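The next block holds one structure in the form of structure tokens; read it before the comments.
A, B, C and D label the chains in the order they appear, each numbered from 1.
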């Protein structure tokens, strides 16, 4: 049985719109508009347990998944949603033991998702020219317990990666096309290139760059996610939805 | 460097429409409409290498990813596409070390994708009442080298899972709603339920069953994937596309 | 040349987010956050002309289209968007001279769109049990100059239409399935039934009712509209979009 | 009552996949894989009537709508679907009495849809440099009884329209951006420009050209149509769908 310990993060669930990601510490309180909770009371209870606030409102202490951490991470300009990250994982074949380059690090949201999957023997090399971003990312990654699997590199990806023979290179940056050559060099034979871009002009330039190198299976897709309201006599897709996050381009290196 | 060995599977890539998943053996030939290849010639070469057929046509020897194995697996009635599996992985938090129940096994396509991610310490318990399916699945899983992480159980999921405390239960079957109670019992606190169904009636019944148990964050979504043709002055989404595979319903157990 | 006259409606365009639908009268002012306009100044000018506000900001006096009136009409519960109305028109074959039944009238938004198309010899018979709605609708229809083509009937459509031999019956109401029989009776042979419903349960019941009558070509569709931002190096679909308005079911009467 | 006459077109409906658009003539037969029909038997019967083939199979004689004629028209390269035409009609405000320029004519499919709506006092001026297309189009338009409302002009639209003060200009051609200036000149103040293009590069160039003229409300959209299978316990969107036909760009002229 998985019991909550001092120092664990929990996701306190009030309802589908309101959750809190917080570290459990003896004596610490969480104040909400539905009353406050004594976090120490959670210690020793199983994840999934109910706790009552001072106003008698029930919260549930969920074990945070990576997707919860993604949802709580403040994003930079361009945003990969879980739908995009999920497809990226399956498309690039990132799994336990894989070595992956990421550029840029940003807030570390994608870095965490990658690190979670390459455990325990793989490694994520995450490049960003902005060292301020990387210190925020480092804190997020550390809190998620994923630091052992990540190496943050404060360097412009355009200047080259100092890592060789990686299984995948993932670009989540404004100008991926200038990195294609460096990505090719860093990849192992048969390794997978991936790039996420919000605009079609970025995609055009990236695909054009890919075609000047020995890549096969060049593919660009976008994913549209619809939430469905499922209630008796009210079943229908949600009225308002995210219509676009970005395009995902992938390719495989050959020699 | 990752070199091709006797007994390795390779994905021989001719073009974006034609690939071959085949085991490399000394003396074995692959016959195609573009000539034949001597597979033994690949031994000792790095993945990603080019090889010529007897007619001088170039093939590339890619290292198979799980998505390649999915594409080559003959499916049963309902089909989860890589887009669905990717979202399932991120939504359920399946990663290294996780213990997962799957029902039904079918051809083992999803089983392979799950097993690949839970390595090396996790485990997939895959139930199917149809033992014939399971022997096909066993062969697929074995070929992918994933047998150590999978336990196939020939049993109707409606009769209960004999496994307790799993991190996720994933239902890919015609009547998921009758399994909700067993899924609840098998899950650890805060564990994730997931069900994939092509029709909205299946979704209605499943969500209704979930609401009679202590589940939170009940969500139903569908994913629409669009391929984009990216060529100078011809950039546009593909004309013909897969419009629907199925709905994915997820929820988290509380107590 | 089409000149603006006293009493004409104009659509004053400030920018893509802000327009005003207003009647031109000598001496009348329009007050906006960008200054006020003397509406009388527009008289005698061609539609499309620029006018300056008291603060020197340019507005354009556009000739209102039906879609502008739709956008300015306060809607009831369920909302047909221009995309839905456009498809409805082409699917039902509504055009000049056609006789059409609509239920319910609501705010008269769809009524106006139908009346505009059946001019000058056709007619729209619009039923609503709620006479309060109909007086609002009457005002909207009158202002658009479409009253000669519309007959508003304060009656519950479930009690039967007193009109026979219409080319199309269009249902935009909560319980279309109870009206299917009356719709069949009112339609001419080969006439078209259409129903717009937000939820899938409404669709299921309506299609089921259609199958108990002699209808062919029963079709249910939904339309998803994406706005594309087209700006150099920023071209992409809009981030936030309307994901769902409703389903449109159509069928043709045979005997 | 609308009775079938000698010389009328009928749409003979066998099932949702098989229909025949044919002219009724005494003594004429329609041969199908379900037997032959004596078309003369239809004369004097109401539209919507059932007729039996020589093999006893029932066909229904529907009155052709414009959408039926669209479906039976052989298309050129780029294809506007009914969804696109419906939105075009509502977006451009094309209705009875409107004067419209179209370029190019192609097979006359869109021409028919426009002519049907502008009846009886409006007019469609349809330009195409290819006179061979126009003779095919003329035959289609004539058969639909819409010739009185259409003027076919064999001329390259890039050389200018000889028509002035039209309510809308609609471009369905490979290079709409070179026609923007001529479209501006031909439009009445507040008139609507519309262009349909399959590729995003066409859209970029067209929007760029629109921005160099006095147009407001420049909008680009695409419409995605999903058919829904509605059958008890099998309700779901269709598996295979048309993912893309083209983008529709509209704008309004100001002065």
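One rule holds for everything that comes next: a contact is a pair of C-beta atoms (placed from the backbone, for glycine too) under 8 Å apart; a residue touches a chain by one contact, two chains touch by 3 or more.
It should be emphasised that the depicted structure is a prediction, and the values quoted were computed from it without experimental measurement.
Chemist: Round to the nearest whole Å and give the separation of the Cα centres of subunit A and subunit B.
Modeler: That gives a centre separation of 21 Å.
Chemist: How many Å are there between the centre of subunit A and the centre of subunit D, using C-alpha atoms for each centre?
Modeler: That gives a centre separation of 47 Å.
Chemist: Could you state the distance in Å from the CA-based centre of subunit B to that of subunit D?
Modeler: Distance between chain centres: 44 Å.
Chemist: Using the touch definition from the top, which residues of subunit B touch two or more other chains?
Modeler: Touching at least two other chains: 200, 226-227, 232, 235.
Chemist: Once you've mapped the touching chain pairs, tell me: line, ring, star, complete or other?
Modeler: Drawn as a graph, the chains make one closed cycle, so a ring.
Chemist: Which pairs of chains touch each other in this structure?
Modeler: Chain pairs that touch: A-B, A-C, B-D, C-D.
Chemist: Which positions of subunit B touch subunit A when the two form their complex?
Modeler: Those in contact with subunit A are residues 1-2, 13, 16, 46-50, 60-63, 65-67, 82-83, 85-93, 95-97, 113, 116-117, 119-121, 165, 188-192, 200, 203-204, 207-208, 216-228, 230, 232, 235, 247, 249, 252-255.
Chemist: Hey, which residues of subunit B end up touching subunit D in the complex?
Modeler: 198-201, 226-227, 232-246
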